[in-house]
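Read from first to last, the chains carry the letters A, B and C; within each, the first residue is number 1.
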Amino acid sequence: MADARLKDRIDQLAGGAASLAGRDVLLTWQHEDVAIRFVLLAARILERAVRAGLPTRAFDRGLGISIFRDKSTRTRYAFRAGCNLLGLATEELDESTSQVAHGETVRETAAMIGFLTEIVGIRDDMFLGEGHRYMTEVAASLDESARAGILLQRPAVINLQCDLDHPTQSLADLRHLAATFNGLEGLAGKRIAITWAHSPSYGKPMSVPQGAVSLFSRFGTHVVLAHPPGYELAEEPLEAARRSARESGGSLTVADSMDAAFEGADVVYPKSWAPVAVMRERTALRTGGRSAQLADLERAALAQNAQHEPWECTAARMRRTRGGRALYMHCLPADITGVNCRAGEVSRDVFEAARLDTYREAAYKPFVVAALVLATRVPDAVDRLRRLADRLERVS
Amino acid sequence: MADARLKDRIDQLAGGAASLAGRDVLLTWQHEDVAIRFVLLAARILERAVRAGLPTRAFDRGLGISIFRDKSTRTRYAFRAGCNLLGLATEELDESTSQVAHGETVRETAAMIGFLTEIVGIRDDMFLGEGHRYMTEVAASLDESARAGILLQRPAVINLQCDLDHPTQSLADLRHLAATFNGLEGLAGKRIAITWAHSPSYGKPMSVPQGAVSLFSRFGTHVVLAHPPGYELAEEPLEAARRSARESGGSLTVADSMDAAFEGADVVYPKSWAPVAVMRERTALRTGGRSAQLADLERAALAQNAQHEPWECTAARMRRTRGGRALYMHCLPADITGVNCRAGEVSRDVFEAARLDTYREAAYKPFVVAALVLATRVPDAVDRLRRLADRLERVS
Amino acid sequence: MADARLKDRIDQLAGGAASLAGRDVLLTWQHEDVAIRFVLLAARILERAVRAGLPTRAFDRGLGISIFRDKSTRTRYAFRAGCNLLGLATEELDESTSQVAHGETVRETAAMIGFLTEIVGIRDDMFLGEGHRYMTEVAASLDESARAGILLQRPAVINLQCDLDHPTQSLADLRHLAATFNGLEGLAGKRIAITWAHSPSYGKPMSVPQGAVSLFSRFGTHVVLAHPPGYELAEEPLEAARRSARESGGSLTVADSMDAAFEGADVVYPKSWAPVAVMRERTALRTGGRSAQLADLERAALAQNAQHEPWECTAARMRRTRGGRALYMHCLPADITGVNCRAGEVSRDVFEAARLDTYREAAYKPFVVAALVLATRVPDAVDRLRRLADRLERVS
């Protein structure tokens, strides 16, 4: 995009910045198209500014606090790098289960870490029905303390993966799609296969496919979802996807095999996730610490998983895609057959051919985080982007 | 306070800044009234500056190092946020017991982490007779290395809770009192009840009541201390409190029931702490790792505790306070009956009514930390505050 | 050195900056003399700038990422302080063995943490033959992603201790030698004894003596290496040392006793390290987790160690050195007889006399780290140093 057009684009999407200002980002389907588009534009401008060596600092003080209730390398780094890009220091709350539990204590902790904080990033993706609820509890507590004047500002809560959605992942993925297909406009009519794939582990979160299905369907795309019986996704993101597909002139269809989903696809996103019944039971068993039953559940889930070993993204399947050259996507790390497991999500040759592409996909995440911080917490975000676009125009 | 008067006030208390420059803050009773007053004023100005969006950076580089030998959420965050406010990066020394022990190694570690460090914040509150001593050992080591020219500057040691005192807590509490009673002057003649309260745990540090008793008694207040037999506080802070009460025209009395202490009180601070004999024995048992005896000790302490279950801050008791509306204070987290325990320090209704007030109390802590850093380590602290006051005058 | 001469010196060594720009620092013997001299000069100027209160920030954003696969206090702090000196925020990658293994995953992780990163500092010193290889794998992955345009810049990899070398230690040691002997020129003809010493532990890395032998021999020094049979060092650093000694007009000799090594020495560096055969076997046993054999190996190694208890740096031995006053060096922490062990590397009196000197030695490390960051990652490093020298001239 020419730099002069960049400034026009900022102006066209300024409403997106306005709609995000002071908001949380918990589920992408709670935000309008213009907001999504603004975030992608901001991510792109920030990336170009860094490549051009332009200053990007927007804060002279302030903290980005992260709470990780599950492991993370990529998102943790992206959160820290994205905050650093704008001048925020980052701290991670080392939350032991006993210190910060639900109810009374969530309210208290949210207030305690909010005083000089601009962003609270949270990952809570282990238990279906809990992650999103926890984030809304934190948000409500921050609201209460902000209203009472206890907090000097209301930090924005950014979802770094919950049981329903994974916005920093799906937005980075979308940025990757836009970069690949010549802008979001280029996505109209494209066929995107989001399919379950086999993994030797059984309990991966459902947030990545749910985030992808719900977000990618906004742009006139034809999204095809495929998985074995029992691996259905949660209804809320599916309903968001159906609505978006309808409104954008695209479609959402469900196929019952990886082969069917791959047929003529422009993009494939084969990825393991847990059976929804198992996730529900796991949440239920959690109370009371019934470890014997949890072990039984795990055994049954692995047996169920093993039946679907053929759900692997192979070279033969890739040949079914459009021109045999669909874009392969993965949030990483992938389970690669013969590399880090015996029978995984993707064959070695397919992954190796796409490997650098998956790194590129991940590379957008720090900029997406920074764009979300900018949009939610920096009052003059639009002006800042205009100034950066201006300087980019001059240096290019 | 009008902003013009703010500048007068800075000038009046400039001697406080001078007396803190280059000093450690280990025990508040080692510092004069003017120093305490200066810290409170600086905390207030920094908070107003942040609310007004004014810049507060005082360092272009430099570290604040924290050493936590006990759990912390609130103080850890406050330390990081306070340092960040002034431009210091923070790091936490992850001190395993084997790497950093007493004696030789304390000297060495203190030197090793001091080279580019402005502040060393330490929490060591687990063992009576050890925490304060450890801090003085660190301070002496820093002195030695600074004298030898090995350290480029002598970092200030800030007590983030020891066995004797908890200055960042008591100063934030005092700031809260000043905000509630129209300045420190408003505290004269006020009746403040600092009382033991029951908790299902038995070993909470004594530093919070000791810090409160010794600090609050400086301002002509009538401090009433109450606890069951066996829960006496350490002599050093009590002696400081008696002296301060005498000098400021206030009083320190000891009552033998929560009811007596609450009678006509303007402020109540009901809080559990460990029996001093148990704390002493715990320190003694520590050497040699006599875990069987430690378990016995814990059992006995819990049995002793259980006898005092009626020491709970209830609505009925609150009605005994002045107008039935005393300010309820707590350093958090509180043990709340029926919320996070069966029989705790405070009833659910009393806590809920005061809950946001306790958050407000905690909210002062980052600014107190920043004020201590400013006073001890920034040579032109007074000028900086005057400039902030000047700008506050213009923006208001 | 007079400040005017400082600027001449910068100009003379500008080629060193050029040769380090965009490079990794894995083994000092991969870098020319002029590069080593430039790093020492930069460390000296940065230290003086900090002492004079001059600004040292070179980055407005960016991260220094550290990966510690072994314990560290000193180097960890030095890395953070050195990065902070130039304006980089630091983060530590908490790498669990399962997440980041060799092969596929190293490539991926390197890319994932490289997007906005200037420096990747790595400690991996536990297994002979593995540490250096891991660092070269990370470097190769960063190269690949940089070439593909996925990384916005190629971060420099800095060795924070591997199985072969420990550059930040040896360069800080060298800086200490230069400060003691009136510049690197003052080292010509000096006799430096690097000798094994007894410790109650058996498995200390060989990287400190290897780093010292290979680096100190560049300056016309007479390096004497001494150790019991079986404690030979790796061939690669020894070969580098022999070559440097030849080229610089110095010498490298091997003695078979501490007494012989100390005879007439200007500098002594008595330090425990593991027998090379044990280190090799440990690496081999690692695969398969043969813990019984590891326990046997440890027992045998400790028995072997015990035979060499007399290898202790005592006052009697110090009297054999030049004028009885050789400079005692240690990377810390030292095993001190009667202080933290029964029979260690050094006697209590010798260590106490030299203690502050060893702190001074360590104090150079943050500046060495900063100098390495400056040289490898800041394009106008030479100009920045000239400007600092200029300001130092004016303030002095």
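Basically, a contact is a pair of C-beta atoms (placed from the backbone, for glycine too) under 8 Å apart; a residue touches a chain by one contact, two chains touch by 3 or more.
These figures come from a predicted structure and were not determined experimentally.
Among the remaining chains, which ones contact both chain A and chain B?
Joint contacts, listed by label: C.
Given a C-alpha superposition of chain A onto chain C, how large is the rotation in degrees, taken in steps of 5?
Superposing chain A on chain C takes a rotation of 120 degrees, nearest 5.
Please state whether the interface between chain B and chain C is built from the same residues or different ones, using more than half shared residue numbers as the mark of same.
different
Quick one: report the Å distance separating chain B from chain C, using the average Cα coordinate of each chain.
Those two chain centres are 41 Å apart.
List, in ascending order, every residue of chain B touching at least 2 other chains.
Expected reply: 89.
In the complex formed with chain B, which residues of chain C make contact?
47, 50-51, 55-57, 71, 73-74, 77-78, 80-81, 84-85, 87, 89-90, 332-333, 336, 339-340, 355-356, 359-360, 362-363, 366
Quick check: in the complex, which residue numbers of chain B touch chain C?
Counting only chain B, the residues touching chain C are 60-63, 65, 89, 91, 93, 96, 99-100, 103-105, 107-109, 111-113, 115-117, 144-145, 148, 150-152.
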